[in-house]
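Every chain is named by a letter (A, B, C, D and E) in the order it is written, and numbering of its residues begins at 1.
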Amino acid sequence: MNKKAIRDEIIHISGVNPKKCMKCGKCSGTCPSYNEMEYHPHQFVYMVESGDIEPLMHSDSLYKCLSCFACVERCPRGVEPAKIIEAVRLMTVRQQGANHLKSDAIPELLDENLPQQAIVSAMRKYSK
Amino acid sequence: MSMNEFKPKIVAFCCNWCSYAGADLAGNNRLSYPADVKIIRVPCSCRVNPMFILRAFQKGADGVIICGCHPGDCHYTSGNYYTRRRMALLFSMLDYLGIERERTRLEWVSAAEGAKFSQTMNEFVEAVTALGENKRLEDLRCKE
Amino acid sequence: MQRVGVFVCWCGSNIAATVDVKAVAEALKAEPGVVFSTDYQYMCSQAGQDMIKEAIREHQLTGVVICSCSPRMHEATFRKTAESAGINPYMVEIANIREQCSWVHKDIPTGTEKAIILGRAAIAKVSLNAPLTPGESPVTKRALVIGGGIAGIQTALDIADAGFPVDIVEKKPTIGGKMAQIDKTFPTLDCAACILTPKMVDVAQNDKIRIFSYSEVEAVSGFVGNFDVKIKKKARFVDETKCTGCGLCTEKCPQKKVPNDFNLGMDMKRAIYIPFAQAVPKVATIEADYCNMLKNGKCGVCAKVCTAGAIDYKQQDEIIEEKYGAIVVATGFNPISMEKFDEFAYNQSKDVITSLEFERLTNAAGPTAGKLLRPSDGKHPETIVFVQCVGSRCDACNEKGKEYCSKICCMYTAKHAMLTRDKYPDTDVYVFYIDVRTPGKNFDEFYRRAVEEYGVHYIKGMVGKILPEGDKLKVRASDLIENKQINIDADLVVLAAAIEPDKSARPLATMLTASMDTNDFFTEAHPKLRPVESPTAGVFLSGACQGPKDIPETVSQAGAAASKVIGLLAKDKLLGNPCVAGSDEMMCNGCSSCERVCPYGAISYLDKEFRMPDRTTKVRRVAQVNEAVCQGCGACTVACPSGAMDLKGFKNNQILAEVDAICR
Amino acid sequence: MKVSYYPGCTLKTKAKDLDFYLRKCAGVLGVEVEEIENWQCCGGVFTTASDEIATKLSSVRALSEARDKGQKLLTVCSACHNVIKQTNYQIKNDADFAARANNYMQQDVPYEGEAEVVHFLELLRDEIGFDAIREKVTDALKDKKIAAYYGCLLLRPGKVMQLDDAENPSIMEELIEAMGATPVVSPYRNECCGGYVVLDDAKSAEKKSTAITENAKTMGADMIVTACPLCKYNLEKHDQSIPVVYVTELLAEALGIKEGV
Amino acid sequence: MQRVTRDVLVQKAISLLSAGTVDRVLGWKAGEFSYDVTPYVFKDAEALKADFVFDDFCGANFSKYLVKECGKSEGKVLVFLKPCDTYSFNQLLTEHRFDREKVYAVGIPCDGMADITKIREKAEGISEITAEGDGFCVKTLYDGDVKLTKEEALAERCLNCKSQKHVAYDELLGEEGEVIDSGRFTGVEALEAMTPDERFAFWKGELSRCIRCNACRDVCPACTCEKCVFDNPKSGVENKAIADSFEEKMFHIIRAFHVAGRCTDCGECSRVCPQNIPLHLLNRKFIKDINGFYGDYQAGEEAYSRAPLVNYTTEDIEPADAVKKGDGENA
């Protein structure tokens, strides 16, 4: 896929219009995982809009988003950065062999109290 | 230019505040358009009664164009919004009756758009000329 | 049958170069009704006009067609010419053979042919013209100003200065509005009270101005020059004519727990109060919901201490009816509620305040006597964070905020930041901004001074979340330039809340049939060329009711609105545009279609008795056009299925005649 | 009243208490809880991608079953609640998604968002009423200072969840107060605990969750109450010094129906 | 076969008359033939018992009669309204064409009305028509009994009935029905799918049969002008008869435009046209366009609602796109 096609696909599956962004930075101002991220929520929006998506797809930042929706809740322009991040993540993990979380890696992560939903949601978020 | 060349009759209704002034500006700037276009001045595009349009066709006009202020810029605040609804329905009905849709047109031309006025008229005349004479509205029962 | 004279102008060579003017004059001679036709080099010249006048007299012309430049150029000229020759000015029609013919066509045969057709159409129209006389209506030489903030005050003073009586209706107990709550004004930093209160005194002392304070407009009827307005004077339980404003009652009242709205609830007032020392009128008002005497008949202290005998517990609301020639809306603005922006913890911490609250905190007459102290513990804040654009510039789908820029926040925030640093140099001041918008005289210089001279930290980014922890406000924000998230432990956070029109504006607009935009700002008659007039004739706009404005802009608009009002009131009679709609009662069905499309509310209905051919009578509902209000757009004429509604000067049969003449 | 009930996987295994006490409390409060048949895992997280259909079908199935019975769909696990409520919202507001989901499901009557999803807290507030609870509680929780922890899933996106003001909620504090205890309002109550990254980035999860427990302790809370098994796990895992209890368990204790109390 | 019988209506009318609720009754009276039914004002019980009819030929919409009938006396007039009539009733009310206080409206159910023209096409020399089961039995002079199904005998407007629900009444006889999602636009869609030449040929064929008898206008509940523009010498478009080949087209387009947004689609115009011109196809085109361009709007559904042509939004479709939109839908 070329740059534009990837951009269009991300916009399509996220349902987000990055052009609405007024670059206020509130998403990054509110993000609890900001310091764990290489690319921050506002950069995801901006870089998707400008088609500079490759670095995002290769960045660990994709897996640092907590899906807490604080950015979605607080964005004054209704841009919903978390949905963009999820769309980029999906674009990445949907590629062949690009699962971030491999099922054989799971057992060693488990402890006896871990609720199922932690595994189920992680599989859903990080794997095809 | 051949004498037999088809010259359409075009009636243009222009609102006094925007489009008529736009036509004047086209004149000031010597932006030519075919003389087939004859302008009737109305206070607002919302003054144009569908009856005027049908009457023009009945009397042999080959095309009718209505020009008004851009939506939101109406001198009377909302006149052109009514025009837009009326003409959307009327033009759709004429199309439904099998009358060539290129013969009717609504265009927003501001007082500053002399060039747009001239260009619009050139295009419209060209489109109507391509259709030829208006037979359908002039005489419905003409037996071919 | 009309006797029509045709006058074809050469306009030097402007027309004559592409139109054979003689041939046009000759051809038009043959048109029905034409008794005279000629051409001349410059019809608009004195000689040309004299020629027209002479022809009118000599040939007893009843109608005149001038083939010349655009009617937008000289229609008025030729109408005057006709009038001075004794015929009705509206018996003149112009065929535009210059802008719309000679200037856009290249060869003489084409130009001439078209000019003839345009002439014919004008002749066809003028044959159906009827003399028109503009309607006249008297003008009540009194203006009403709704709202007593700086906009209303300035408008009233300017109108009164021209010698016309003005009434101000203010819903609060005193005039002064928002400006009275403000501490200093940007970019000059003069004290708001010092420049406002003298104006308030001017209003009070001006014998042309009456103030209806603690009053609201109840109903408006009538039209430009002739409005009938009902004003409700709310009971304040104090006789204004007797109260001296000594303030003794406000010191003795035992009910001390009344939130003080003038200080935005940051302190308490008594149940009987004078909002602030310079209030106009300086009259006490009782807050009925808190007054023990009014609630349960137990107290009466204020009446006992009042030596003027001004307290009147039995006072009722009063309705005043007055006539006005013009109405000025000056209803102003309010900051929006911060209720829905609790990521900034406005409801969770007393130390998160709005900018208007900050104004009161820094005002010498405010709850802290001008010392900048935190509302929660009265301590001096060492770190202050200002957040810009709270609720402004939101997307349409964001139900919490407004789509527009509130315009004044950048500057007042710079002012607050600068003043804080000036008075308390030990304080760290941060301003989070998206853009700093400073288009105004000396505005950007002012903002730069805040940064360069006063050391205010401007950070491009936005606060995302504020966590009140202990006695600190943990401010989590982004710094977009550094691409960092920063955390500041602040003592005070000031939110630059978006502003919105006062809630009273919407019902008022309905009463005035004045239009509003989706944000409830009043719409102006033309966004560029008629910015202080409402599309509804006789209704004018002053100040922030039309859109966000700072004080200098408000004052200049207030003056502009006043000059429009003065222009109106200076007339004894209003001459209407005679090209107005009129309904043929015999054909009107009373169906209300015309009324619904009229942008001016000019159409009303009357149940009228008609004598039928069989000598019985029948009552029918028929439309009536108020000619003083109608602007002549013609929307109603097309909405009317029976054709009862027609437009003078552009009647159905006139336009049809033009169509016929062109298509012939 | 009778409601359809969607417990969710975790409530059948690691979070049995959450489920057990819900049923007990509901019984005492006069609500008949009917577990829907053959429910399937909600997936634990709502995928926002517009092209994700399959992951949302289990929610649609549960919703249509409640619809067919004419009942509200009760949930208590914050994750299930979030997933099912968001799915219901999408069905109602995204015709394309609704059409495609129904296409997959091939049910007799297509599901168009008719059912209402209620969280146990909403049920308490809107159907039973905190006043009714106040009348029934013992003084078991008297003198207890309890911090409510909402997390993300109950509140966001606020437009969809509509459970309470997403930035300044009060539903749990009101309940705590009704149960006879003293609510402690922690500013961290709607901050994310990092539960979703507990497997992938344990360090990050620890940082987020300890900030929450630390603050609750600083504010003087004796315990933290939550409705989310994942939050509970995560908070407890990184800080054992303050108990984290399920809202249903706490209510059972207040009502005096908790075993051994 | 109508589920409500003549006797029930007569009884209702007599009881309202004797109670003084109304002083006259707008009803149907039999004409020369059983299927030839005309509106009539009954003043007493005797007349009602003798002449009042109600059967499958009582299609006439009485709403328009109220414009003239109201106010003829101090008392109220009783009117029976079928579901579709109630829409016209509301529309006339919206336009202040009669005084609601002077009317007592009784909603009656309707099972569809027969179209005598359609029946005549199937059966010549009709002597009697009786309802039989779901259909009709037509006695003819030449062919004996001809059995017709409902589809063969009912009026087009009834086969495409848009509502069984009464939107206005003082009293309702029988059960309330529902608004129906009818296929009433299929005729319009079929025309839209044609080429312009085909459409023109169609309308040329139809409209050139017009004899300008004005029956469509006279029956139309939306055409209640004190004086029609086409009858008014001052209007500039007067033409009482066909003076030029264009006139009847002008007449029908303008008439359809004048009722656009106000027409409730009662179908009376097509019912009364002696030349069987499908005039409803003009009105329904406007209705379909209005629904498509500005959102669904049913004239008369709600009294005093704002009709689409006296309304606007700032985002309305442009005429050029409106015409193209027609293309897209039929492509």
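General observations
By our rule, a residue touches a chain if its C-beta (ideal position, glycine included) is under 8 Å from a C-beta of that chain, and two chains touch if they have at least 3 such contacts.
Fair warning: this is a prediction, and the values are worked out from it, not measured in the lab.
When the partners of chain A are compared with those of chain B, the chains appearing in both lists are C. Path length between chain D and chain E in the touching-chain graph (shortest route): 2. Chain nearest the geometric middle of the protein is C, using mean C-alpha positions. The chain with its Cα centroid farthest from the Cα centroid of chain E is A.
With centres set at the average Cα position, the gap from chain A to chain C is 48 Å.
In this assembly, the C-alpha centroid of chain C lies 51 Å from the C-alpha centroid of chain D.
Measuring from the averaged C-alpha position of chain B to that of chain D gives a distance of 64 Å. In chain E, the residues touching two or more other chains are 229, 237, 309-311. Residue positions of chain A with contacts to 2 or more other chains are 70, 73.
Residue positions of chain B touching 2 or more other chains: 50-51, 55, 78, 82, 86. All chain pairs that touch, listed by label, are A-C, A-D, B-C, B-E, C-D, C-E.
Note for the complex: chain E touches chain B at residues 188, 191-192, 196-204, 207-208, 229, 237, 244-246, 248-250, 253-254, 256-257, 260, 282, 285-286, 289-290, 293-294, 308-314, 316-320, 322-323, 326.
Remark: chain C residues 584, 586-593, 596-597, 605, 618-621, 639, 641-644, 652-653, 656-657 touch chain E in the complex.
By the touch criterion given at the top, residues 70-72, 96, 98-101, 103-106, 110-111, 113-114, 117-118, 121, 515, 523, 525-526, 535, 579, 597, 599, 631-635, 637-639, 647, 650, 652, 655-656, 658-660, 662-664 of chain C touch chain B in their complex. Partner chain C is touched in their complex by these residues of chain B: 9, 11, 20-21, 23-28, 30-33, 35, 38-44, 46-52, 55-56, 59-61, 75-79, 82, 86, 118. On the chain C side of its complex with chain A, the touching residues are 343, 389, 391, 393-395, 397-398, 401, 432, 434, 460-465, 476-480, 483, 485.
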